[in-house]
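What follows is subunit A paired twice: with subunit B in the first complex and subunit C in the second.
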Partner chain A sequence: MTRAVAVLLTAVLTLAQSAPAHAYLKFGFRIGGQTVDVKWANAAVRYFVNERDIPGVTAPDMRAAVARAAATWQAVPGTTLRFADQGFTTASPVGLDGRNTLGFLDRPDLDRVLGATSLLIDSSTGALVEADIFFNTRFTWSVAPQGEAGRVDVESVVLHELGHFVGLGHSAIGETERTATGGRRVLGSGAVMFPIALTPGATADRVLQDDDEAAVQDLYTADAGNRTSGSITGRVTKNGRGVYGAHVVAFHPESGRIVGGFSLNANGDFVIAGLDPGPHIVRVEPLDDADVESFLSGDVDVDFRAAYAPRMVVAPAGGSSGAVEVQVAPK
Partner chain B sequence: MRALVVACVLGCGLPVAALTVKPLSFPELVSESGAVVHGRVTEVRSQWTADRRGIESLIVVQAIGYLKGEWGAEVTVRVPGGQVGTFINLIPGAPRLVQGDHVILFLKASGPAVPVITGTSQGVYRVVPDVSGALMVVPPLIETGAPVTARGDLARRPLSLPAFAEAVRRVEAAR
Partner chain C sequence: MWALASAQVFAQGGQAPPSLLAHHVTVSGGLVWTGGYSIGDATAVLRGNAVGATAAPFTLFDAHSSVDGSVGVEGHVGFAVTPTLTVEGGVSYQRPGISTDLSQDAEAAAVTLDAEHLVQYLFDAAVVWQIPTVGLGTRIQPFVVVGGGYLRQLYDERTVVETGSVYYAGAGVRYWLRGGDGQNRSVGRRPDGRAMWRLDGVDFENRTRVAPMVTVHMFLEF
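And then the complex of A and B:
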């Protein structure tokens, strides 16, 4: 065991700790009594693109789609995040080889997975050491500007995986419906980091949403000393006890921005940063319709009714709301 | 889109899944699994993969019982990621299990390979006691209720362990 408490997700580790990690979902470690975000330490994150072509997508097509998605993330105002394209490589998009590599890979064993990101983290510092992303050739892909019916949009999935690549977990802002076969289909999502892909052919996830932007602004703040955004802190309780794994959503009526987070420890504590200053409606809901393991580990409490904070909660510019308690009732 | 999402967050409900994934329905999860084990994680061993290009974890589960199949009193499952020395290999969306976890795992295997969890994180359910001490299975199944899967739906609650087992058997019987 190292200086770090050896746990993978912030959510996992904070379950046993007292301080909550900020949400959307960021990854982090408890080091020396402090929660340290998992992030890139360098100003520009270098990456390579595997030179493999697949039907419908050439390697230059892939490289261009990655460049567009990288530009989308680094265009979020107020952040230090930068990417640096290093060109093509023959290196595999999996494997710890000192290169950050993105590319197509045959993974018939993962026939439900469009793509995945692998992060190598130095647990003594929380620094990202390497990241790779593969896109599964089990699916048919497209880089058509307007999308292509029946084919998965490369740029949309790259944008999602790049979110993981820079240290973000999944967002729970989205809505699904059942399909005739009993599966799930996304009706609408409020975050590119929502874990279920849109219907093949859709390109809506080429654009970051409020929740994604708040997350990357929080993680890669350009000027922490002059932060103009606000945060809301609080606690979710049920019968007087903390609730772990509640989804907490802050809605800013003036701008229409929606940013989500989670209560990330046994005390039910949550923090949502990167908010527009001003009053917010705060709703707490259970992850009772979700594959909760995709978000959080541990014994997540999903047996409660959705509830609202009893009053509007003000996120002050550059500061945090006072502690807000949202009480939920069992179903 | 904005109106839809606002309406959703303030009034209705939401999601599921992993790794930008196409979700499995519960019947698919059952039918694609060779075994469904109920048990406790007794050991987690992380190691470099055979080609030393990544880290994987071997999860040892002491079986309390099987809801489908029968793969022995102890079953070892491979999941991607883990920690070796100071290095942690994290795969966002992949299951993360620790010693002592009380779980139901949907498993599949091909040939002599170490079994894996079906549908990555979708094949992990956790067994937790409710206030009365009864064992409940989380998350709830999403096969019942209205087509739109609204969060907080009063009809969607964790099933008791026997009811969950019955749901698995019902799917198997219908095949």
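And then the complex of A and C:
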């Protein structure tokens, strides 16, 4: 088996390298000129929890938080994803040792990174071979049921990192504002997989959002031949040319579900899957609410104004819409 | 001509009002207009950011959608149980559009989307009771109608179907061009106006909607 070097992904607070070249809410890997999904091939993903305690969070606390977050992911209906808790380990949550390990790690140099996931990918199939998650002890953490002001909620961050752990990339469904210190503050978030964390003490990210569920359903669908969700395909253009890296959101007025995706090539093509059948409002905006590198590599175009598809777009059950073109104008 | 016609109606005022022949079949067809109605407001919201589990949501944009008024065709087959009471069933076909207004987007101007058109069929049944009114002459008689049916709506791409129910009540007149005298087969016009209650179908809030409905038919008795 040929194995590729892991792709390092930061979780909540910005900055790392995203998956090579292509990602639509899930990581992709180029094999023989084609992009395949990065995912676990086995039925149950086994993991260990590092036995280290930190102030405010014991190892059993950590293990319980991981178990809750794992249960949240595997409770998404229509998926095959399963986790298997293997207990405590002394192994580090980084490095290649054949164990999927989650735990705290001292990384004072990473002053904006709450946690990070590293993935080892079989370069011949795209299957995940090993994954580790560390949580940065530079920050103060909490497992309080209602959250604690000023302390980062462990379960929320574990839930986000487990998304990467199973092959999901970042979602761009969120709005932010610049802070005086040069960072960003979240105004609103529509996905646990948004790359910037909520305020320390917030626990809203313990609950998966529609976009998260659509992504994991797309990646680990239980019955691909009997898929009832639909998809929307289309193209984002500016002055007649394709836009790479536009953030495209589909809103289903009847259910209120919001699911996002990206235009992933120079032609501006996008696909948004996992949608409720029926009409959707399609909105396009530039990737300007977080560091572009959190989502995609390459020359992402952010020089355009938000715009809508000219009419509602119907996602059919088990199929895809006709191609829709969304024209955007330069800022 | 108007004076002549009025004189004729007056002269015939003492005669029996026109009616259909009992146990005969009537076929009618014509145009139907249905007024527009709202199908709901929806707000695209993101979770707010605050300590704890909940926070005030962040509005991405607001959407208001409505089904536009439209004209279609309709056909009915009726059976006269008595000269004044008819049961009928039929189908109508319309192509209404769905309009959507978007607003409250912090990053984009308010906009109205182009209409997404529906292919709409209504299979309905109704009871028509001709009001035994005297004094309107031998050509015109009012009636009331109540009915309901099965609504089937397909989006333009014909890939998604929405179904619902329609109930209506209204009134109109039959205007005989021929017959109505108890001897000969009837031919005439039949305009009516109705209030229509629509349940389910394309609706983003799954609420009952009310809209006006007007039909203009020609009818032919066999």
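Things worth noting here:
Here is the rule we go by: the second predicted complex is superposed on the first by the 296 of 331 C-alpha atoms of A that agree within 3 Å, B and C clash if a C-alpha of one lies under 4 Å from a C-alpha of the other, contacts with A are read in each partner's own complex, and residues count from 1 in each chain.
Just so we're on the same page, a residue touches a chain if its C-beta (ideal position, glycine included) is under 8 Å from a C-beta of that chain, and two chains touch if they have at least 3 such contacts.
Model, not experiment: these values are computed from the prediction.
When both complexes are overlaid on chain A, the residue A:312 reaches subunit C alone and has no touch with subunit B. Looking at the shared chain after the overlay, A:331 reaches subunit B, while subunit C stays out of its contact range.
With both structures placed on the common chain, the touch criterion links A:147 to subunit C but leaves subunit B unconnected.
Once the two complexes are laid over each other on the shared chain, residue contacts for A:175 go to subunit B and to subunit C alike.
In the superposition on chain A, contact is made by A:164 with subunit B only, not with subunit C. In the superposition on chain A, A:190 makes contact with both subunit B and subunit C.
Judged by the touch definition given at the top, the superposed model places A:204 against both subunit B and subunit C.
Look at A:251: by the touch rule set out above, it reaches both subunit B and subunit C. Annotation for subunit A, partner touching more residues between subunit B and subunit C: B. Judged by the touch definition given at the top, the superposed model places A:293 against subunit B, while subunit C stays out of reach.
Subunit A residues 173-175, 186-190, 204, 249, 251, 256, 258, 281, 283, 285, 305-306 lie at the interface with subunit B in one structure and with subunit C in the other. Contacts from subunit A toward subunit B in the complex involve residues 2, 4, 6, 8-9, 12, 27, 38, 92, 94-97, 109-110, 112-124, 129, 157, 160-161, 164, 168-170, 172-179, 181-184, 186-190, 194-197, 204, 247, 249, 251, 256, 258, 260, 281, 283, 285-294, 297-300, 302-306, 330-331.
By the touch criterion stated above, subunit B contacts subunit A in their complex at residues 1-2, 4-6, 8-10, 12-28, 51-54, 80-81, 83, 85-98, 110, 116, 119-122, 124, 126, 128, 130-131, 136, 138-140, 142-143, 147-154, 156-158. Considering their complex, residues 146-147, 149, 173-175, 185-190, 198-204, 206, 209, 249, 251, 253-254, 256, 258, 277-279, 281, 283, 285, 305-312, 314-317, 319, 321-322 of subunit A touch subunit C. Within the complex formed with subunit A, the subunit C residues making contact are 40, 42-55, 57-61, 63, 65, 98, 100, 102, 105-108, 111, 113-116, 155-157, 159-160, 162, 203-204, 206.
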